[in-house]
Amino acid sequence: MEISVLDKGFLKLIDHFGNDLSVVKAARVSHGMNLTNPDRDKQLIYHLMQQGHESPFEHVAFTFHVKCPLFVARQWMRHRISSYNELSGRYTELKKEFYVPMFLKKRIKPAKREDKDVEYLKKEMQEFYLKSYSLYEKLLNRGMPREVARVVLPLATYTQFYWTANLRSIMNFLSLRADSHAQWEMQQYAIAVAKVVHEKCPWSYDAFIKYRYKGDALREAIG
Amino acid sequence: MEISVLDKGFLKLIDHFGNDLSVVKAARVSHGMNLTNPDRDKQLIYHLMQQGHESPFEHVAFTFHVKCPLFVARQWMRHRISSYNELSGRYTELKKEFYVPMFLKKRIKPAKREDKDVEYLKKEMQEFYLKSYSLYEKLLNRGMPREVARVVLPLATYTQFYWTANLRSIMNFLSLRADSHAQWEMQQYAIAVAKVVHEKCPWSYDAFIKYRYKGDALREAIG
Amino acid sequence: MEISVLDKGFLKLIDHFGNDLSVVKAARVSHGMNLTNPDRDKQLIYHLMQQGHESPFEHVAFTFHVKCPLFVARQWMRHRISSYNELSGRYTELKKEFYVPMFLKKRIKPAKREDKDVEYLKKEMQEFYLKSYSLYEKLLNRGMPREVARVVLPLATYTQFYWTANLRSIMNFLSLRADSHAQWEMQQYAIAVAKVVHEKCPWSYDAFIKYRYKGDALREAIG
Amino acid sequence: MEISVLDKGFLKLIDHFGNDLSVVKAARVSHGMNLTNPDRDKQLIYHLMQQGHESPFEHVAFTFHVKCPLFVARQWMRHRISSYNELSGRYTELKKEFYVPMFLKKRIKPAKREDKDVEYLKKEMQEFYLKSYSLYEKLLNRGMPREVARVVLPLATYTQFYWTANLRSIMNFLSLRADSHAQWEMQQYAIAVAKVVHEKCPWSYDAFIKYRYKGDALREAIG
């Protein structure tokens, strides 16, 4: 399961662990019980979410391979109850891949919107990206270590990482990042994460949207 | 995979996620690479462990169902980078199951060891357990809530819980608990955990024993 | 600042770090600013709480010395974003101190409430505690290690520990434990914690009660 | 206490909490004891460190105000058992402050070292930084939101944040970052952190260097 995000990024599901029934089994341990029947099991998930009993959702986890611009990765990695392994600009030469802002016209302050202007700005950004990469290559050629040369690269540079998080941590991520208070680019990744959770844990996802989610981007994007 | 531990306990593998190759894949993201061949992949795991690069081991996780005495559960739950859901003495009536110390003779101070004495002490403990359970039942019958009545039950009472932890956290657990500084009963559970890790992630387990493990109980128990 | 809790327990403030202004300073870093004036600083705290921006509250922390029964300590230590150091039943001989349930009459199911009965039950529990302690001492005298002998002691036995947690983690603790869904004994400790927070960080406490707290025990106990 | 780091950065101690004696008090709780005399208290700290009993060090914490380039901040924030509040490029306009690599000559591969070249490269980097900032300002002037405009800024841009961490977490940070395997710029900040710890918790610092620290940058820098 791989979802394209932004102009050159993606979110790829690498592995997942547990599902709605794992949540039910973990929760039933409290009562010395196990699965009963689908109706009651599903109902339990709604009950847990409504009451704020979130610990059973920690027994489900996902690993994703993410490709995103550096400024998105920086926001993502502020989520601490998670595991990350990222492409290193110290050990490898970074690629000539940069994010060119999308939906630019809509995001420019109304008073300043003019068609031509936007395309022009995008072109100027792209040209600047290429200049930064030329300087990066020049510094490498002159013998500068990769870890130093990369400091000229912009925050629009694409990076990649592995992300593993449990469902409880992911729900917290979705509440904060799949929301109009988050940067638009971050929201697109959060929506992609939500799509995977929706498919793999449909009961938990629905219960989350109903009782726990405080954001505003998912109802429209997924339903 | 279920392993009996102590007189009435067990460790049961419920689910696991990832394996040695998941560690390799997560580590290779740093270099923008993927799996190569088994020899080099295995070598990388030894290298990571030797250098103390432990983050790739966070992308492998295990869920266990554990049955153990309360005093063991108390030590276990001090490990905070883990998820727990435990049988609740507030929501359910606890069962008449208590741990009777094993290998008692060996653990009694040499000067005081006498065969008869040990059997006698074990019998006295068992009788006491039954008395505590009678009092528990009496308090329940007189209308006392379960959460209050249980306070008379001893630390030898068996409990159950679900435990989910990633491989890095489990390695830390094994270093501290599969060691002669830990209580003997705790060690038996740690050895059972190690057996599962050994079977599911043999390269990581071997590299752990070689470079990271500081305890002394596993080399003899598993090799 | 020391508060007596239950029949023999306490909560003692050992040290604290930061206050309402620390929250303000940490939050203002986001905008490249610092303290302004008390009115605006206070207002910011209410704004942060209302919007769910909880990270600035992590820069305030408290260390408490707690004395409580084992069954309370077990619930407490499920809070993982915290630091604990506890009295060890392996390294020291535990004291003859047990919790005798309070407000017993009110907690007994209405159909079974009778004055005499309650006093009688309390007396029976106390006698049982003494018997358990006699057995504990006997086992120690016969040469059994402390870690084994203690397994006969009941969950009502008092323990002690140091607890350090930041204000964000403490707010989560109060939401869950200063609430009628928590065990009554646990609530009493949570109320004591709230009193300290209320005194040391009055703006944060008020904002917490207004916007974040979902429990029901604090408004009545502190206001 | 403020320490200048790199060409425009700093590490400023904002607050700290606890000291060597706090570690001793927390550790003695295990034995139901308190402070004894300075000699024995100091000895205990060495013993804890040698035995790997690190939990008592969690009851000491520091808050720092840090100013560093973005690429350093990215490495720093991978430390998850910590609290961060950072200057936001979404809420504020970033300043025209960039890191110009130091000790460049030494870090260039020997075969390529030539005096003139280095000064020339530094000048070229500085000119590029100014161009990136001009483009940033232009994008802002054309009505682009700050969160989008900033994506053209390089990783050399300075940021600021508040960092709170306990002493155990800081020791882990020092082991990894005050070491020649870390990037030279990161090491300079780690050395500054070590200087503060050395002054505020001299016993813990010495015991750390003796028994726990595996890096190589501190012995020379501080002793």
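Letters A, B, C and D mark the chains in the order given here, with residues in each chain numbered from 1 onward.
Following the convention adopted for this analysis, contacts are C-beta pairs under 8 Å (C-beta built on N, C-alpha and C of every residue); 3 or more make two chains touch, one makes a residue touch a chain.
Please read all numbers here as calculations on a predicted model, not as lab measurements.
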- Task: For the sequence-identical pair subunit B and subunit C, determine the rotation angle of the Cα superposition and round it to the nearest 5 degrees.
- Result: 180
- Where subunit A and subunit D touch, do the two copies share over half of their residue numbers, giving same, or under half, giving different? same
- Task: Between subunit A and subunit D, tell me the centre distance in angstrom, where each centre is the average of that chain's C-alpha atoms.
- Result: 27
- Distance from the mean Cα position of subunit D to that of subunit B, given in whole angstrom: 36
- Message: For subunit C versus subunit D, what separation do you get between their C-alpha means, in angstrom?
- Response: 34
- Residue numbers of subunit D (touch at least two other chains): 84
- Item | Partner subunit D, residues of subunit A touching it in the complex | 69-71, 74, 77-78, 80-82, 84, 89-90, 99, 101, 104, 107-109, 111-113, 117, 121, 124-125, 128-129, 131-132, 135, 138-139, 142-145, 147-148, 150-156, 183
- Within their complex, state which residues of subunit B touch subunit A. 14-18, 22, 25-27, 29-32, 55-56, 58-59, 61, 63, 65, 83-88, 91-92, 160-162, 164, 166
